[in-house]
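Right, I'll just put the structure down here and ask away after.
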Amino acid sequence: MTTVLLVLVLLLLALAGAPLFALIAAIALVGFHFAGQDGAVVAIEFYRLADMPALVAIPLFTLAGYLLAESGAPKRLVRVSNALLGWLPGGLAIVAIIACALFTAFTGATGVTIVALGAVLFPALMQARYGERFSLGLLTAAGSLGLILVPSMPLILYGVVAQQFHTTPPVTVDALFRAGVLPCALMVVLLSVYSVWHARRAGVVTGSTSGRELAAALRDAAWEIPLPFVILIGIYTGVLAASEAAAVMALYVLVVTVVIRREIPLRRLPAVLREAMTLVGSILVILGFSLALTNWLIDTGVPERLFDAIKGSIESKTTFLLVLNLFLLVFGMLLEGFPAIVILVPLVLPVALGYGIDPIHLGIIFLANLQLAIFLPPVGLNLFIASLRFGRPVMTLVRASLPFFLILLLAVLIITYWPGLSLALV
Amino acid sequence: ATIRIATLAPDGTAWMREMRAGADAVKQKTEGRVEIKYFPGGVMGDSLTVLRKVKVGQLQGGAFTAGELAEVARDVQIYSLPFLFRNQDEVDQVRAKLDPALQASIRAAGFEPLGISGGGFAYLMSTRDLKSRDDLKAAKVWIPQGDKIAELAFRTAGITPIPLALSDVYTSLQTGLIDSAANTTAGAIAFQWHTKLKYMIDLPLSYVTGFLVVDSKSWDKIAEADRQVVSEEFAAVFKRLDAQNRLDNAAALDALKQAGMTINQPAAADGKSWEALGHESYQELIRQGGITADMQRQLEAALAAVRGAAR
Amino acid sequence: MSPGARRALAWLHRFEDGLIAVAVLVLVLVAGAQIVLRNLFETGIAWADPMLRALVLWTAMLGALAAARENRHIGLDIVTYFARGRFARVLRVIALGFAAVLSGLMAWYSITLVQLDLDSGAKAFAGVPVWLVEAILPVGFALLALRLAVQALLPPPNHAPVPEIAP
């Protein structure tokens, strides 16, 4: 009875717009209180934010992402990919897909991707006669694409939360970075194939190829081009740990944007630093309390009981995975991406381990589903962001993104039932 | 009463099986008045976090290494002094004399010792083909976070060790943050380090000890008769563990060889300098007040007695 | 607000922003130096890694304070987005008032944590005691509680055309 009342109160507070960190802190404090423990346990767990080497990567990658977004890098990125692929039928759409995936991977943002790149890409797609419906759907879907691509912040967060359970083998951020590459490539390829098919059918205008434009575009982006390669190769060969790759990237981007290109004037730098750390702060505070929440779950043995309860009704791993997909899609839509990681991973991971699912594969399944849930009707957040950005009703965007949703759903099913795809590079 | 105990040892290991057997026996003999619940695998955090949680009452106890428990009772690390013992026999004789003194110093720090376990000798293992002290200078050696003796020993040898939490060692071996780490042979296998480390120097560095302690305040709340039961059961558990550890370490050495680990004999010329290194870091530790003067006297007397008798 | 209070507040904001900028730049430079030392000179700074981890906690708390100042803490805004007038004010008082109370509680419990490590005397890195690293928690949460309480009483900001934070 008390529990029901508490859940109700918290739900109302959530709807009233209470910050998520306060809601999670409340659950942890009330939970420990009923377990007969001192509230100081929550402070002890929160302090473990200063105990985790993997977390150093978060402020560093975020800083680099904000500096890049603030500079002319996105425009140069689109120009280079366009020069490379613009001549293909469907080439411009593929450019949009790749640019959106890279932008999300490096900034950790999905809604911002639609806003920042939509401004450049939507008019270009319309001008090339891809049609409004296709262009809107593509950009809405591509907003969250790249969540499982190195060095995305959600991958790091999953790793940090999963490490609390000390699995064998341990869930390292590096392994997650390597695991996400092929599944993300699968999504990019499937979307690209559909785009080429659509471009042929719709009679899209194809850009011309020009060696001179390509050379100019490459020269223009000379400082940014090495970046993805250094990060990918550094992590893939094991030369750089995730937090080291983050430090290299942050230092490099800082020097390029502020000292070499001077696109960010020195007096504007503190404001950009504060902007970036505002995001980091609002995320890490939630993570800190979610460590306490996780500890409460472990302390009271909830995951074991949950597993015992589920084991009674779901026997096979296959069925479990299917139920997991549905569960993640619905809750991922309601919890809007990031919160889903810190709230659902502690509940889902121990149960999934019980069914013999690899914790690294689970991370990719988890985030691939979230990526889909972020624009799942009726309340997927990116549908609303795209609706605001492009000034179209939400229903129009739901219809427009449906084919892309189905294609990515197919990709998510392949990723879920084919662990080898995720684990091949680990 | 429920005693909640955290340990870094992963579930399913021999150590945890014995711990659970002890808990079952206690529960049965006290007719459920004393229940012991474990949180294995480090899910409650590192040793500093566990100590904090003991202080606020979320946990009542924990299993610690000597270096970790030295945070509250510095004398517990005497068995871990580098190159102190020459063989297991010396360890057994000195422990028979000094274990009671260690237990007293743990009680003085506000904890009830349920057991001291001898984990065996730690050996240096590496991804590099280490043989001599010089080879070691280029190595990136792990030491447990806060382990002052290990830090002192490596610094005396002219090496800057890299302190990390035990739970970060595997990951850091993978990323190359460290390339060498010392542990018992059984420990190397339990934590899966043997999948990364390929060379081992056949030289006992130090003796590894573990301590199972319970907060005195919680302990005193248990009825006298029940405390007796718990103490006896866990004394038996630790006796079995000591015997088991010896078998495990021998078996683990075979397993390491099977897994392709190369066992290097220490370079002959280094024989003297290793022992000198041990002596040097011992003197430095005394200078820094790392162990109490009283314990130092007892330790030196015990060692002299053992070696005198052997002569 | 009196001109004096306004000046003090502006000074506090500038101090916070300065602290964030210093923390982040130190984070980048020390992390970068550590990689160079490790990969080129096979050595490293012993206190670098624990210091970087402590800086993560400090940037997190300072960032959370900045987020409160700018109304940017993550939460659901399906209802608040469409709320207007008196209803919006009431929602704001409830939601941010609740967060202020929770932050206050956390400031209180963090004092216990600091006290624990004042007693233990444990060191975090390079002679800096653990309690000093932890001290950002009671200070930060107390300021956060104060700031959220003030924000709760202020009118809701105009909605930005697009939520800034995702995913």
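Lettered A, B and C in written order, each chain numbered from 1.
Convention: a contact is a pair of C-beta atoms (placed from the backbone, for glycine too) under 8 Å apart; a residue touches a chain by one contact, two chains touch by 3 or more.
Note that the structure is predicted; figures quoted are calculated from it, not measured.
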Discussion item. By the document's touch definition, which label belongs to this structure's chain graph: line, ring, star, complete, or other?
Written reply: complete
Practice prompt. Looking only at C-beta pairs in contact, point me to the busier pair out of A-C and B-C.
Written response: A-C
Discussion item. Rounded to a whole Å, what is the gap between the Cα centroids of chain B and chain C?
Written reply: 39
Discussion item. So the centre of each chain is just the mean of its C-alpha atoms; given that, what is the distance between chain A and chain C in Å?
Written reply: 23
Worksheet, complete the sentence: chain C touches at least 2 other chains through residues 49, 112-113, 116
Response to the item:
Residues in chain A with touches to at least two other chains are numbered 38, 40, 44, 51, 53, 239-240, 244
Worksheet item: Which residue numbers or ranges of chain B touch two or more of the other chains?
Response: 52, 56, 164, 177
Worksheet item: For chain A, which residues are in contact with chain B within the complex?
Response: 32, 37-38, 40-41, 44-45, 48, 51, 53, 163-166, 168-170, 172, 174, 238-241, 244, 295, 298-299
Discussion item. For the complex, give me every residue of chain C touching chain A.
Written reply: 17-18, 20-21, 23-25, 27-29, 31-32, 34-35, 39, 49, 52-54, 56-57, 59-67, 70, 72-80, 91-92, 94-96, 98-99, 102-103, 105-106, 108-110, 112-113, 116, 133-134, 137, 161-167
Worksheet item: So in the complex, which bits of chain B are touching chain A?
Response: 10, 39, 41-46, 49, 52-53, 56-58, 164-165, 167-168, 170-172, 174-177, 192
Worksheet item: Along chain A, where are the residues that touch chain C in the complex?
Response: 13-23, 25-26, 29, 38-40, 42-44, 46-47, 49-53, 55-56, 58-60, 63, 108-112, 115, 144, 147, 154, 239-240, 243-244, 246-248, 250-251, 254, 269-270, 273-274, 276-286, 288, 336-339, 370, 374, 379, 381-382, 385, 388-389
Discussion item. Quick check on the complex: what are the chain B residues that touch chain C?
Written reply: 48, 51-52, 55-56, 71-72, 138, 140, 146, 160, 162-164, 177
